[in-house]
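Take a look at the structures listed below.
Two complexes are shown next, each including chain A; its partner changes from chain B in the first to chain C in the second.
Take a look at the complex of A and B:
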């Protein structure tokens, strides 16, 4: 191996070692664990696909998958569209104002998810919460928010949007600023309106970032845990029981590590497939 | 230089005290927890070991316990936990030495003995007496409603009538003040725990006496009637509301006339809602009296892989006396555990003294100290909360829950 290659390997080694320890080994352990029932005292019994059968025939599991998908459908498009809109707005501001507003949008992303969840829990509080107070000021009736079967998912989706908006905006903003101004000049000279410029110049050039943000949001929302666990614990009446809190309860409240491993493998598989599909379908090469 | 050092250095550096580590998730009881450190300092004088107390947040404590106890490194030497889970479902606990077992079995109220045991073996030292629910009433709200706070409702029918008088509604018919602060949020295990006194009052039980079957019990006619009654409190009678937050806070904010809670709530109220004038009574009865029962009783357990387990048992032996029991519980406003302490001036001066005696005089209700109690209570609690939120009717919800529970039991 020549010196240059050796240097290359040395540079990637820390990242590979980290990846192996933090992701790969646990993944393999989960995969192995999904075939074993851990017995009291740490002994294990091989179950074959028995635990898969148990999990995949459990309506509670499929309800949690359905709830996860619902939450994802509420959160992902809103976050991406809003982030894009905010980034387009910020892109037009002067550097000073842009930095100020961008920082404001980014702050929620820096807040711990549990803290964010607890803040929103107070905002949503049906009796003393700011949101119902604001509704009362404009003559609207108070809502139950997190304590309503119908409102709990949109309420949690709003928290997700608040938390993730800044991060996505930053990605879009960086991408927007990297688009050469000549393209817009050329488009303007060809008589393209602002809307046409957005549709035919900006969005195609942002496609890689849009795909990336969509994938990241999908993963983030599919794995949602902190917000749910800190605010509703899956309630009311299971209306916000998403898959990771169920996995957590299965592993650590019911001590069924094997079944929890099956769920972890399921989440990994779904995310892998969806990400690959998304990447393949939506990623279009853009030629400048 | 050596001479200078010899002059300035202290005669002898104090020996570094060794530690035994205690994990607790009772974050609502800081004084109670801190007491172990205080006693640890005293214990260190004869053993050289102090006690380090680590408070683990209650929410999600199981994961941290499990990771530490499985992994061994970083595990506590002793911890606050549930015997049938940590010693039954998993084998993490050291059995109690015979002399200590004798001490505790002679000094605990009889109904508490199973709390520290699993399949006949004793592992844990129960740390909370009065861990069954009692009825706390708000004296002012009772008087405002025209009720006599010295004559509490004795039956569930009388109780419901009182709850109706205590509830106040807005123009749209929504309660702004409720009779009963009902638990409807959080994990279904907690929901089950708060519903069980009603179930037991109706003569129902969640599992068969052998703890091996749910069908016929969790969905038996008594349980269905109890859940009808409980659901109606929210949906029909409107004496409890889903729009209110935690029941403890609702009661502390004087927005509910009654709450059912354990003995620690006395200390909590004194600290967090000192202006609430309250009295404590035994729970109302129906077909049966709910009695002194609980779903998740707490004990001090010794980790069997701890290198210091003998020291820990020595420490527990050191604090196993009536004086320390009283001191520790009094600090936090909890009822002490030792039988002899139940007649001390501290306990006699508590507002729940008479009611505790009354509850203890009732037959002990069923207990569900099964290794899978969390999972079983979750399946059951989901049916209860589903009815409260109008997601289902009692009978089909309980049928579904019972089938799930049977599956869990067979697994």
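Take a look at the complex of A and C:
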């Protein structure tokens, strides 16, 4: 290797070594660990697919998968649709107002998920919370929100929407502003109404961003942990027990590291499929 | 992606041709939405200034009786070593931002301006990490940190946070835009590779470095999952963990939770408001934490 090639290699070496230690080796270890059961005293026993069988026949595990999917179904479409609406609205404002309001939508993205969850727990508070007070003002009965079997997932979904709305809006807004104005001029010349322009010009051109944002939201909501841990801890009665909190409990509350590794492999597998799907979709470059 | 909300014309799209009434309606809806998004912050700030009896008063009152009532904040610092939590988080976030800058800039330079055996394999391997959820590697990482005796230490908390894929990616993008002529000229002047990195590359990508520092600081400050795994003693807790300490299964003192939440959110919000343009830019550019 000549001097320059060696220099280049040395420049990337710290990063490569670091990521190998923190991601690649542990990922392989997770895979291996999912076949072993740790016995008291630190020894481990090879289980074959025994732990997979145990996890995949456990109703608690499938309940957490189902809960995660329900939460996804509640959070992702509402976030994407709202963000699209907000971005379309912001796009029509003058520059100064657009910057101001856009910044406000973006603020929740800056705070920790724990803080966001606790802020909302206070809004949801059944007796002194502002939401039930607001309901009372319009003559509606108070709700139990996070403490209700039926309302806990929609309530958590609302927190997720609040946290992610501004971020998705930014992506849509950036894409909207990259659409050349001539497209609209041409459409207007052909006599297209504002609604027709939205359906036949704006939305088709925004399609790649919509797909990207959907996948990012899918990943974000699939990995939900902080919000659940900070507010409901999976309750009431397991109604908000999603998969990552279950993984955490399995590993660090019950120290069943083998079973936790099986879940880790499962989570990795699911997100791998989702991400590969994203890459497939985005390999096609987008032309305006 | 280059066009940010700050850029662009005055009026865009169909709106430019719509009637003034529709435009006003749009503006009103957008503003109402923005105020709704902001309201929870206002509400916790107001609550954090109220006494428990004021919180429980019916009908609900928005403003506290006394605006200067900081008793809840004093109580937060009395109940928990909250100043220590703030200090821990500030220290961890600063170190992780700095280490990210150094390692990411080095790697970004190596990937952007050199070709060596393994170049693309290494690069795609690193980008591939974006597909690995952190929770998938948390058990082996925990065992390693525990074996190395790093549980409950700063180094243990920082272990998975010292560099991020995002940083490497961002720096590669930024450094790729530096003209090769600059580097060639420096080489002709007899500057070594290390000297070029310090004297040519780093000054040329200062805005990207600033963006990375801010984003990484925010992420580490807001981190929760990993610190929860490795930290035991109160003196090592971070702000997010300290915040959790104010919730209780049976009775939550919301006057204290809201004060603690304000304390945990305020530093980040200040950074965010002051440096918002860079944060938005980075978020839109990458879209993913990793």
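In the analysis below, the second predicted complex is superposed on the first by the 249 of 288 C-alpha atoms of A that agree within 3 Å, B and C clash if a C-alpha of one lies under 4 Å from a C-alpha of the other, contacts with A are read in each partner's own complex, and residues count from 1 in each chain.
Definition applied: contacts are C-beta pairs under 8 Å (C-beta built on N, C-alpha and C of every residue); 3 or more make two chains touch, one makes a residue touch a chain.
Predicted model, so just to flag it, every value in this text is computed and none were measured.
K.L.:
Chain A residues in contact: does chain B have more, or chain C?
P.N.:
Of chain B and chain C, C contacts more residues of chain A.
K.L.:
Between chain B (first) and chain C (second), which, if any, makes contact with A:236: first, second, both or neither?
P.N.:
Only chain B; A:236 stays clear of chain C.
K.L.:
When the two structures are overlaid on chain A, which partner does A:126 contact: first (chain B), second (chain C), both, or neither?
P.N.:
After superposition on chain A, A:126 lies in contact with chain B alone.
K.L.:
Applying the document's definition of touch, where does A:48 land relative to chain B and chain C: first, second, both, or neither?
P.N.:
Once the two structures are laid over each other on A, A:48 reaches no partner at all.
K.L.:
Is A:253 touching anything from chain B or chain C once the two structures are fitted on A? First, second, both or neither.
P.N.:
first
K.L.:
Could you look at A:144 and tell me whether it touches chain B, chain C, both or neither (first, second, both, neither)?
P.N.:
In the superposed model, A:144 contacts chain B only, not chain C.
K.L.:
So, does A:170 touch the first partner chain B, the second partner chain C, both, or neither?
P.N.:
A:170 sits against chain C, while chain B stays out of touch.
K.L.:
What part of chain A is shared between its chain B contacts and its chain C contacts?
P.N.:
125, 127, 229-230, 233, 248, 251-252
K.L.:
So in the complex, which bits of chain B are touching chain A?
P.N.:
For chain B paired with chain A, touching residues are 59-60, 62-63, 66, 70, 85, 88-91, 172, 184-189, 242-245, 255, 371-372, 374-375, 378, 382, 385-386, 388-389, 391, 404, 411.
K.L.:
So in the complex, which bits of chain A are touching chain B?
P.N.:
40-42, 54, 60, 125-127, 141-142, 144, 147, 149, 229-230, 232-239, 248-249, 251-256
K.L.:
Which residues of chain C touch chain A once you look at their complex with the stated criterion?
P.N.:
Going through chain C, the ones touching chain A are 1-18, 22-23, 26-27, 29-31, 33-35, 37-38, 40-41, 43-44, 47, 55-56, 59-60, 103-104, 106-107, 109-111, 113-119, 122, 125-126, 129-133, 135-144, 159-160, 162-163, 165, 168, 193, 197, 218, 221-225, 228-229, 239-240, 243-244, 247, 249, 252, 254, 257-258, 261, 264-265, 268-269, 271-273, 276, 279-280, 283-284, 287-288.
K.L.:
Within the complex, which stretch of chain A touches chain C?
P.N.:
It comes out as residues 1, 3-16, 18-19, 22-27, 29-30, 33, 86, 89-95, 97-99, 101-115, 118-123, 125, 127-128, 130, 133, 162, 165-167, 170-171, 173-179, 181, 184, 188, 194, 197-198, 202, 212, 216, 219, 223, 225-226, 229-230, 233, 244, 247-248, 251-252, 257, 260-261, 264-265, 267-268, 271-272, 275-276.
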